[in-house]
Amino acid sequence: MKSRWFLTVLGVAMAGLMAVGCGGEKKEEKKADAAANATAAAPAKKLVLGVAGAHSGDIASYGLPTLNAAKLVAKELNAKGGVNGMQVEVLAMDDQCKPELATNAATKLVSEKVAIVVGHTCSGPTKAALPIYKDAKVVVMSPSATSTELTQVGNYPNFFRTISYDLIQGKAAAEFAMSELKVKKVAIIHDKGDYGKGFAESAQKTFADGKTVTVALFEGITTGGVDYSAVVQKIKASGADCVLYGGYYPEASKIITQMHKKGVKIHFISDDGVKDDTFIKTAGVDAEGAYATGPQVLADNEVFKKAAADHEKEFGSKPGAFFPQAYAAAQALLNAVAKAGSTDYDKVVAALHSELIETPVGKIKFDAKGDAEGASFSVYQVKNGKYELVK
Amino acid sequence: MAVANLLGNLKKSAIAALWLAFLTLPVMVIRVDTVEKTVTWRWMHLAYMLVGSFVLAVAWHFLMDRRDRGAANRDSGGGETQSALSLWLENPSVMRPLMAFGLLVAVAFPWVFSMYQTNILISALIYVVLGLGLNITVGLAGLLDLGYVAFYAVGAYAYALLNHHFQLGFWTVLPLGAILGAFFGILLGFPVLRLRGDYLAIVTLGFGQIVRLVLENWSAFSNGPAGISNISRPGLFGVTYGVDQATTYIYYIMLALVVLTIFVTARLKDSRIGRAWLALREDEIACQAMGIDNTRAKLMAFALGATLASLMGVVFAAKTTYINPASFTFMESAMILAIVVLGGMGSVLGVILGAFLLILLPEYMRAFSEYRMLIFGATMILVMVFRPQGLIRAKRKVYKINTEAA
Amino acid sequence: MEYFLQLFLGGLSRGSIYALIALGYTMVYGIIELINFAHGEIYMIGAFMGLIVAGVLTAMGWPTLSILVIALIIAVLYSAAYGYTVEKIAYKPLRGAPRLAPLISAIGMSILLQNYVMLAQTPDFLPFPRLIPDLEFMGPYANFLATSDLFIIITSISVMVALTMFIKFTRMGKAMRATAQNRKMAMLVGVNVDQVISVTFMVGSGLAAVGGVLIASHIGQINFAIGFLAGIKAFTAAVLGGIGSIPGAVLGGLVLGWTESFAAGYISSDYEDVFAFCLLVLILIFRPAGLLGKQRSQKV
Amino acid sequence: MEQTQNAVLSVRNMSMNFGGLRALSDVDVEVRSGEIVALIGPNGAGKTTFFNCITGIYTPSEGQVLAYPTNGRKMRADGARSDGVRINGMRTNLVCELGMARTFQNIRLFPSMTALENVMIGRHCRTRAGILGAVLRGPKARREEQEVVDRSYQLLKKVGLEKVANEYSRNLPYGAQRRLEIARALATEPFLLLLDEPAAGMNPQETLELKEMVIRIREEFQVSVLLIEHDMKMVMSLSDRIYVMEYGRVISTGTPAEVSADPQVIRAYLGEESDA
């Protein structure tokens, strides 16, 4: 009796889920179809802007600001009458920063005939999803995927980004260490992740090319560890006068704290994943004096000021990570559609390459490989509990 | 009686709700910022918590009563209660058309639904096979393997690397991956044979971690955390497909592999080998005392499970066209294990159901996005509490004896 | 030599951290033979309790040391309550169920608790105040061992001693041992097994909370996911030492800590976890019951 | 060494130590072809340990165990000789394959398998079908499987369990489970059947039936039987010879009449535990 009851409920629930899933799916598909048909005949009412990225899970704090940015841009344009007479609608797709979920998100967006997508948050999922977009001729622009190969290998003509990539960032950090800090011996530590290791390797290469600095140590650490004293001792034993860390802020703050505890007070340079206020909060006084590279944001950039103010008004909080880049990406994509006059793939891509647009990251257009011209990295230093631009 | 019972339940539920509200009070209500030295109190959350946990507690007690009554019935009545549904399902005159219908729906699926639906169904089918593979190791042979995902990684990287370096195609690597999986299964199987139960679990967990860590660190071999992209999709006699057709194509490949796996596992389950595995699971000493070579049986179970996982790895790499070590974490092993246990250890139908439930549920629950993992965890607990043997209880074959010969 | 000593002490401190969490693990396992995957989450909740209490008290302007004491007490009590509740919901209804069923509900509980804290608090890392003050006399030795390291080492050893005494000499401890050896017999001789299991969970969870608060204060940050890796490491330590054995948990933790520390120091931290797991596999192959575990001859 | 003619099992000077504990010391036991031999003694005398030592579950510390298979078994183990196989230290499954099958004191059936399947497990070492055979089910595999089912069913019939062939073994009554264990052991085609307290927990009527069954089995399957039993009435009327053990030693041996007249046995066994 009991099991029959249970199975019946389960069966109904599953059938219901399927029905909801599929049913909803079909309806929306029709809508999208209708939209597509309408575009051909007369200006339609809606232009769907896909936003794919980590909207849940532990990386969500890097992905959600992008969604907010897209919503803000859409709202602003809609208030001005939309793009080509169409109202912009944001369609969010969560990938939790996992490649397999990213392909699901991508196929869903393609199924819904979305032509322009802001995303994805992480490089790995972006690599997994891009072939699907490429085949369906969807233009994708990421505010945060910094893997060098995404643009530099040239596999994806449909991919653009408003952030500069690991190679440039690692180079910027290494050059800063060589020319400004005049270090002689450096220990490079990374978190074994795609992002952190990419940054570390690029810095290592720059040091090797520069020839004035020896790399005394190049090692990965385990994220989430409780203790990094062994690696700190190793840094100390190596006699390095500078640590270059590739990774995110939680480990960076643990390492810098333990370094100071063990009396290792040398330069600490890290990347954009560390250029986050949470780093200063978690590392406390130990964060003081640490350097981090980050995308160049013109402090007196009018667009950025306005976007940040809008964000405060709309969501009641300060914008999060990659917000300016995401804002720029949404702007650039929608501007390209407006300039192209339709969502036609070739025209949109051409417009992205040729049209300059004023964004929070500066006045940008995209080079042949898809990187934003003019977007680059600056170096910041923690001074009095705040990141301040030093170069 | 019923009313008193109901009132009693309501009272118990109220107490439970108060207790849970008290328990969750600090985390739900208070948010602190130790840097700014500020405290935020969010009392509304407490109210939500009270109401929510009361409703849940009432449902819990209601179900618990049902469960206990069911258990009491079973004890007094003796024998196993057979659910009407499973009786119905076992009837071949019902089962056959049902299976035919299911297959028809499955075959027609990509033509009716969108590429997205097909795509997530492929994921679900991959997990069906993974579940069935782990079911051999855990469900039939009783060897708790917490590092199953390592074999999945072996297959995925085998295809990715062979494709990347030597341009080998999907169909060439598929059998190679299977062989490699079996090889790794035996390789890892050997040292752990002496261990039993939970020690086996932790060592296999360790192996799973080692494989992932090596993939992460040995960049020269596996390209490290950056992963391998641009893996070819499967082609057919030199024809390559676009994403849409390729999805449909992989879907049919997967469908064929699922049917094959179901066929193989169903037949194995009631064979000489399958019985030996079951005996191994039930009582290792008695099993050996009855002349079964435990070592052989264990290695076979390990190798076969690994082969299926490795096969799926190849398909997975071909499907996503990009892999990195992050796809092969312990959580993935736990997920596959959950499919097996939730579905019903040893039951083929149960595992299939479990895979669909665990893979499709989060996907269709996108609407609840942030709450879905919470609901997912709760579902796992609830199913285990109310159906510890899994959704479908494994059944043994009923033999018809030829009495004339007897 | 100095380098060796530094690594040795680093490993000691890291190992004590593992040991502190492993103690609760091994206790629960000893009594009901359940790999309590949610133990790491209880540790995480203990740390959050500590953070919340510390946050409230800091805002009220209390002195650091009293905050530490009160935070510890409240975290222990609350975590014990969590342990009690978790057992009642996810494990008690499953006694007598197939062996893997409680394991799955434990994994479910772990996912549930993680997401509960993430949704109720935040997915970001939160700074944890340094509640353990730096003692002055430790100043010159900070290069080797910080005060918080010392604190954790002393705590795990005293907890180990206290726990051993508790199990050896108290009535409840005896009941625990009886339950661990043969639950049915214990029941027959009048041990309230339900109560024993509840107490075991409460004590184990309380210990996890002690670990949570001290370790969070040592590391200086927490988020909802810290329990997972800590749980796996502690479980490894417990198995290494011989699961169910209390001194074994501490020894296992230390051996694990030293292995990782020396592997990182002399070879490469890239592979420290690989070394840790290889060591585990090797030890279990040659001593299947762990370092201090009793080799139980199987009854036939 | 002396070797009695047509012995099927001969245990000489066997000792077993667990750490400092000497569970068996210098045990000599012999079973001849077609005999029913009983092993009796108070609890803790080492009877089950003796079984475990000769079936490979424990490796005896000293002495040797020789088996003389009567069914012309091929031997896979090292040390196979025409005049007997040394089986101490041999793996349990090989001992079984050689032709020595046992039951357990605390019944060890496979609870979630049916009665028939339990017996079919016993056929495992006498059949060869592998994974491919199981999956493809070629004519050979099918024939073998059918043979396994038929023979197992026959065995169930022999122990009177054919009506419950498709019941889960955990649901069978106690006495039936004991008989099922015997059927399972017989399925391995043994030359020597080792029964560990087969009548434990049975009522007098069941015990009587069991006794008759054991005699019938000996005739029909041409096996020798070595059994541990506490039921004196059954032991005395069933066995050809008896070994009496106490504190890990054999203290007396002979026909039932001889043993029951041995003053040492009366003192050690019957005197102290007359109602055992």
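Going in written order, the chains are labelled A, B, C and D, and every chain counts its residues from 1.
In the analysis below, a residue touches a chain if its C-beta (ideal position, glycine included) is under 8 Å from a C-beta of that chain, and two chains touch if they have at least 3 such contacts.
The structure displayed is predicted, hence computed values, not measured ones.
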Query raised in the report: Where the centre means the average of the CA atoms, what chain is farthest from subunit B?
Result: D
Query raised in the report: Which chain would you call central, comparing Cα centres to the global Cα centre?
Result: B
Query raised in the report: Which two chains are joined by the greatest number of C-beta pairs in contact?
Result: B-C
Report summary line: Per the C-alpha centroid definition, the whole-Å distance linking subunit A and subunit B comes out as 32
Query - Mean-CA-position distance for subunit C and subunit A (Å) - result: 36
Query raised in the report: Distance from the CA centroid of subunit B to that of subunit C, rounded to the nearest Å?
Result: 29
Report summary line: Taking each chain's mean CA coordinate, subunit B and subunit D are separated, in whole Å, by 42
**Report entry** Shared interface positions of subunit D, touching two or more other chains
**Finding:** 57, 104
Requested in this report: Quick one: which residues in subunit A touch 2 or more of the other chains?
Outcome: 57, 60, 192, 220, 281, 284
**Report entry** Multi-partner residues of subunit C (each touching 2 or more other chains)
**Finding:** 126-128, 270, 273, 300
Query - Touch list for subunit C against partner subunit A, complex - result: 3, 6-7, 10-11, 13-14, 17-18, 118, 123-128, 130, 142-143, 146, 215, 218-221, 223-226, 228-230, 233, 257, 260-262, 264-265, 268-270, 272-273
Query - Contact set on subunit A toward subunit B in their complex - result: 1-8, 10, 14, 17-18, 20-22, 25-26, 29, 55-57, 60, 94, 98-100, 103-104, 107-108, 110-112, 123-124, 127-128, 131-132, 135-136, 147, 149, 155, 192-194, 197-198, 220, 281, 284
Report summary line: The residues of subunit C that touch subunit B in their complex are 29, 33, 35, 45, 48-49, 51-56, 58-59, 78, 81-82, 85, 89-90, 93-94, 97-105, 107-117, 119-122, 126-129, 232, 235-236, 239, 243, 270-271, 273-274, 277-278, 280-281, 284-285, 288-290, 298, 300
**Report entry** subunit D contact footprint on subunit B (complex, rising order)
**Finding:** 78-80, 263-264, 267-268, 271-276, 278-279, 282-283, 285-294, 300, 304, 394, 396-399, 401-402, 405-406
Report summary line: Per the touch rule, the subunit D residues reaching subunit B in their complex are 55, 57, 91-93, 96-97, 101-102, 104, 108-114, 116-117, 120-122, 124-127, 129-131, 133-135, 137, 144-145, 148-150, 153-154, 157, 162, 165-166, 168, 171, 184-185, 188
